[in-house]
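Structures are listed in the sections that come next.
Heads up, the next two complexes both have chain A, just with different partners, chain B and then chain C.
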Partner chain A sequence: MTFFLWTSIFSQNEIAFGYSKSQMMAYVFSVLIISTFVIAAPSNDNIGGEISNGDLSNYLLKPVNYLKYWLTRDWASKLLNMMFAVGEIGILFIIFRPQLSFTSSPVLLLLGVIACILASLIYYLITKLAVMVSFWMPENTWGLMFLFLVFFEILSGTLFPLDVLPSWGLNLLQFTPFPYMVYFPIEILIGKFGVIETMRILLFSLAWLVVSYFWVNKMWKAGLKTYSAAGR
Partner chain B sequence: MNLPMVMIFFVSKLLRYGLFLVFLFLLMNGVKNLGGYTREQIIIFYLIFNIIDTLGQLLFREVYYFRPLVISGNFDMVLTKPFNPLIRVLLGGPDLMDTGVFVILIGMLVYTLSNFVRLDSFLIFYFVLMIINSLLITAAFHISVLAIGILTLSVDHLIMIYRDLSSLMRIPVDIFTNPLRTLLTFIIPIGIMFTFPAKVLFGLLSWQLILISFLFGVVSLFLSLKFWNYSLRQYQSASS
Partner chain C sequence: MPDVPALLAMPAMPIISVSKLKKYYKVHQKEPGLGGSIRSLFHRKYYDVKAVDGVSFTIEEGELIGFIGPNGAGKTTTLKVLSGLLYPTSGDVSVLGYTPWDRKPAFQKQFSLVMGQKNQLWWDLPAIESFILNKEIYEVPDDKYKKTLDELVDLLEVKDILKIQVRKLSLGQRMKMELIAALIHSPKILFLDEPTIGLDVVMQKKMRDFIKEYNKHYNATVILTSHYMDDVKELCKRVIIIDKGKILFDGALDEIIKKFANHKLLTVVFSKKVDQKDLKSIGQVKEFDFPKAVISVKRASASLAAAELLQNFPVADLNIEEAQIEDIIREVFTGRDLA
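Entry: the complex of A and B
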């Protein structure tokens, strides 16, 4: 949808919202890949259920860290999804032949990849915060997750680059984790930022990672204290 | 489902619509028009898309629970009762949570139309007809999903494909280039479902196209019913 939306806009404008057509197409195609990499997470569909039906007990008895176990499964799923996504996007690329424009700097490319990995970890931790509500409300494993996904869809930059927003809106969003999960990693890759600005973004990403990790640990410990293996 | 969770889903849905509307506003402030449509027209397209989409979810929610019914063998119980099984599995569990969202969307549409579109009773009549036609096609989609569900036990993925495809219509079908536009209008008729009712309001649809879209609605419903009857004959009650 976004591809055709922007194609329509660029049929009348050379530059729109500070983007050339090739930059915008690079953004739209990058969203397809990056969002697959960040979002694919079977843990979100399973952890809530495992807590509420008591299956979590099976894992607690084993010498594995439950959250790390799901992180590895998520990453396996991401790699699988990426393989399909690259194929699908390749077909779209052959059909539409868009002109794409990415950064030519190897340093920025590397930093962009690091930003993507951080984005994926932040997404994992924040979604775990949402599903851990099942410790306290076992009959509702999806409510907060749904709310998070609604915010994520618009505020992460999945639908549109966030600098379409008024500058105060983007400034405000920088204090939330959302733009660090899709928008900033892509902007780095398409060469919208220099090295210094990119380093600042990575620092913020790292800060969000630490904050989310802290809260996930806190919630996990608090949740385990309430967990009674109900349903087993 | 308890009240806090109902409220979370309710608020989340409103937020989703609201945030996308904000995006459309910002987008349309930056460009003169989109595919030849003004800002107000794009907003009306989006509101009508959501009304039809919400109505579909409100009425046909039970389809989402059809797979467990079949694989558990409980579908046999539905078949043995003296009540049309299709109505039971298609309309048996309306999602009343969507009613509030639906009412709010209708209110927003009425407000927008009364301020930005000059309507007459003919346009309103055609609009209501096109909405009914959209519901016929939506019903046909869902009946086909149920029929495939009996044959293959796959329901969830088909529903996800339907939802992904229909979400393309948050913007008018005219913005897509050919051959995709034709495909989305006449082959997978989501263009007729979601875009044609708004086009009728703007006086952009000829009577021939209105007639063709009605034919599409009626024929697709007829074919989906045939398909349902065929799949029922193939049902082997293997899970019981």
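Entry: the complex of A and C
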């Protein structure tokens, strides 16, 4: 749908919101790919339940780091998703034959991939903050996750590239973690930024990663103190 | 044995020591219905549930101990604290020299908790896959894993069902698999929470034999909770009776009888009809089903009462017994005097 929306916009103009048609197409297709990579996370559907019903106990008894355990399961499922996504997007590509333009610089491409990996980790950690509310309010994570996802869709750049917004909007959003999860990684990949600007973005990503890691850790420790190992 | 004096001079360090352990849960009450839900959003009445309330005990290596008590007595909570799942409200606990809730991997590799009502096996995979996963998690070397697995599979006779999906197994088979999964890293301490729950009599017996064998063979320390007195009677030399979060008794099984049973049971078979009312002078009649009667009398006066019976009634057979341990414990829990 987004594809047709943008196609009709670009039938009128050569350049809209500072994007050429092929750059916008690259953006839309990248969102498809990156959302399978960043967003898909079975952990979010399971951790809340495992905390509420006491299945978490099984992991706490063993020399296993629970959050790392779920991270690896997420990555495994992402890999699987990617394999399917590549096939599906391949078919779309053949049908629509969009003109895409990505950066031609291998350095930027590499930095873009790094940004994607950071994005995926930030997303993992931030959603854990919502999921771990289960320690205090059993089975209540669905509502919070939903709220988060609504904000995420709009503010991360999943629906549209964020520089479509007035400039103060993006300036403000820079200081939230949202654009670092979808918008900035894609912009790097389609060559909107130079190396220096890209490095600045990566630095911010890294900062958000550290901050979210800190809070996840804190919340996990506090949660375990109230955990009552339910189940009987 | 030359090293006996040394052993006597230096008593073994207890493998588990618990001192003044308390665990309170904060819970709130909610009135039923939507109105109650909304009210509880604004105004919550919290109160403490004293699951464990000042419990102390020590356990030596190789002991097989039974934890008994009614539902909600605090048995499971104690096990959960000992295995590091719960932070206690107060008190000191040391297991193998570690504080359990620090959850150090070195500590976690040395114990196992099996809950009869919880499973750790992967539901959709054959049990053997879960064993391999546990082998990796606990970093068990290949040859040791093979040896342990072979031994356990032999002991529990489960060779044919290792490669069957766990969901297709019966409860008894699954419980055996749970045990293997819990023992694959040869834990020094084994916490068993209701290991025989829901099993049939034959399986219960097998399970008990296995636990006994495991305790002896590996000199493992085993703590077991159970509702079934048979489990405890057959397995444990020492029992800890716990109720409402407090320890009522800690010692040898036989001593329960001495401590709590201040009565004995006279089982009489009469040769001629007797009036039940007349028996009241002897003691309290617990059962009367002619020609048999069971009379409970004070321990100290048991022989006197028996003599009286023989003298005044047409007795065909007489038997003096200790009260059943189940009965004693039930009486202890209900707080009534054993009469």
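The definition used in the following text is that the second predicted complex is superposed on the first by the 230 of 232 C-alpha atoms of A that agree within 3 Å, B and C clash if a C-alpha of one lies under 4 Å from a C-alpha of the other, contacts with A are read in each partner's own complex, and residues count from 1 in each chain.
Here is the rule we go by: a residue touches a chain if its C-beta (ideal position, glycine included) is under 8 Å from a C-beta of that chain, and two chains touch if they have at least 3 such contacts.
Small disclaimer: the values here were computed from a predicted structure and weren't measured.
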{"item": "Which superposed partner A:144 touches (first chain B, second chain C, both, neither)", "value": "first"}
{"item": "Broader residue contact with chain A after superposition on the shared chain, chain B or chain C", "value": "B"}
{"item": "Partner chain(s) touched by A:228 [first = chain B, second = chain C, both, neither]", "value": "second"}
{"item": "Contacts of A:61 with chain B and chain C, given as first, second, both or neither", "value": "second"}
{"item": "Which of chain B and chain C A:106 touches, first, second, both or neither", "value": "neither"}
{"item": "Which superposed partner A:153 touches (first chain B, second chain C, both, neither)", "value": "first"}
{"item": "Partner chain in contact with A:9 - chain B first, chain C second, else both or neither", "value": "first"}
{"item": "Sites on chain A touched by chain C in the complex", "value": "54-55, 57-58, 60-64, 224-225, 227-229, 231-232"}
{"item": "Footprint of chain A on chain B - complex, ascending", "value": "1-2, 4-5, 8-9, 11-13, 15-16, 19-20, 22-23, 26-27, 30-35, 167-168, 170-171, 175-177, 180"}
{"item": "For the chain C and chain A complex, residues of the former touching the latter", "value": "25, 76, 80, 83-87, 103, 105, 108-109, 112-113, 115, 117-118, 120, 134, 137-139"}
{"item": "Residue numbers on chain A that touch chain B, as the complex places them", "value": "1, 4-5, 7-9, 12-13, 16-17, 137, 139-140, 143-144, 146-147, 150-151, 153-155, 159-160, 164-166"}
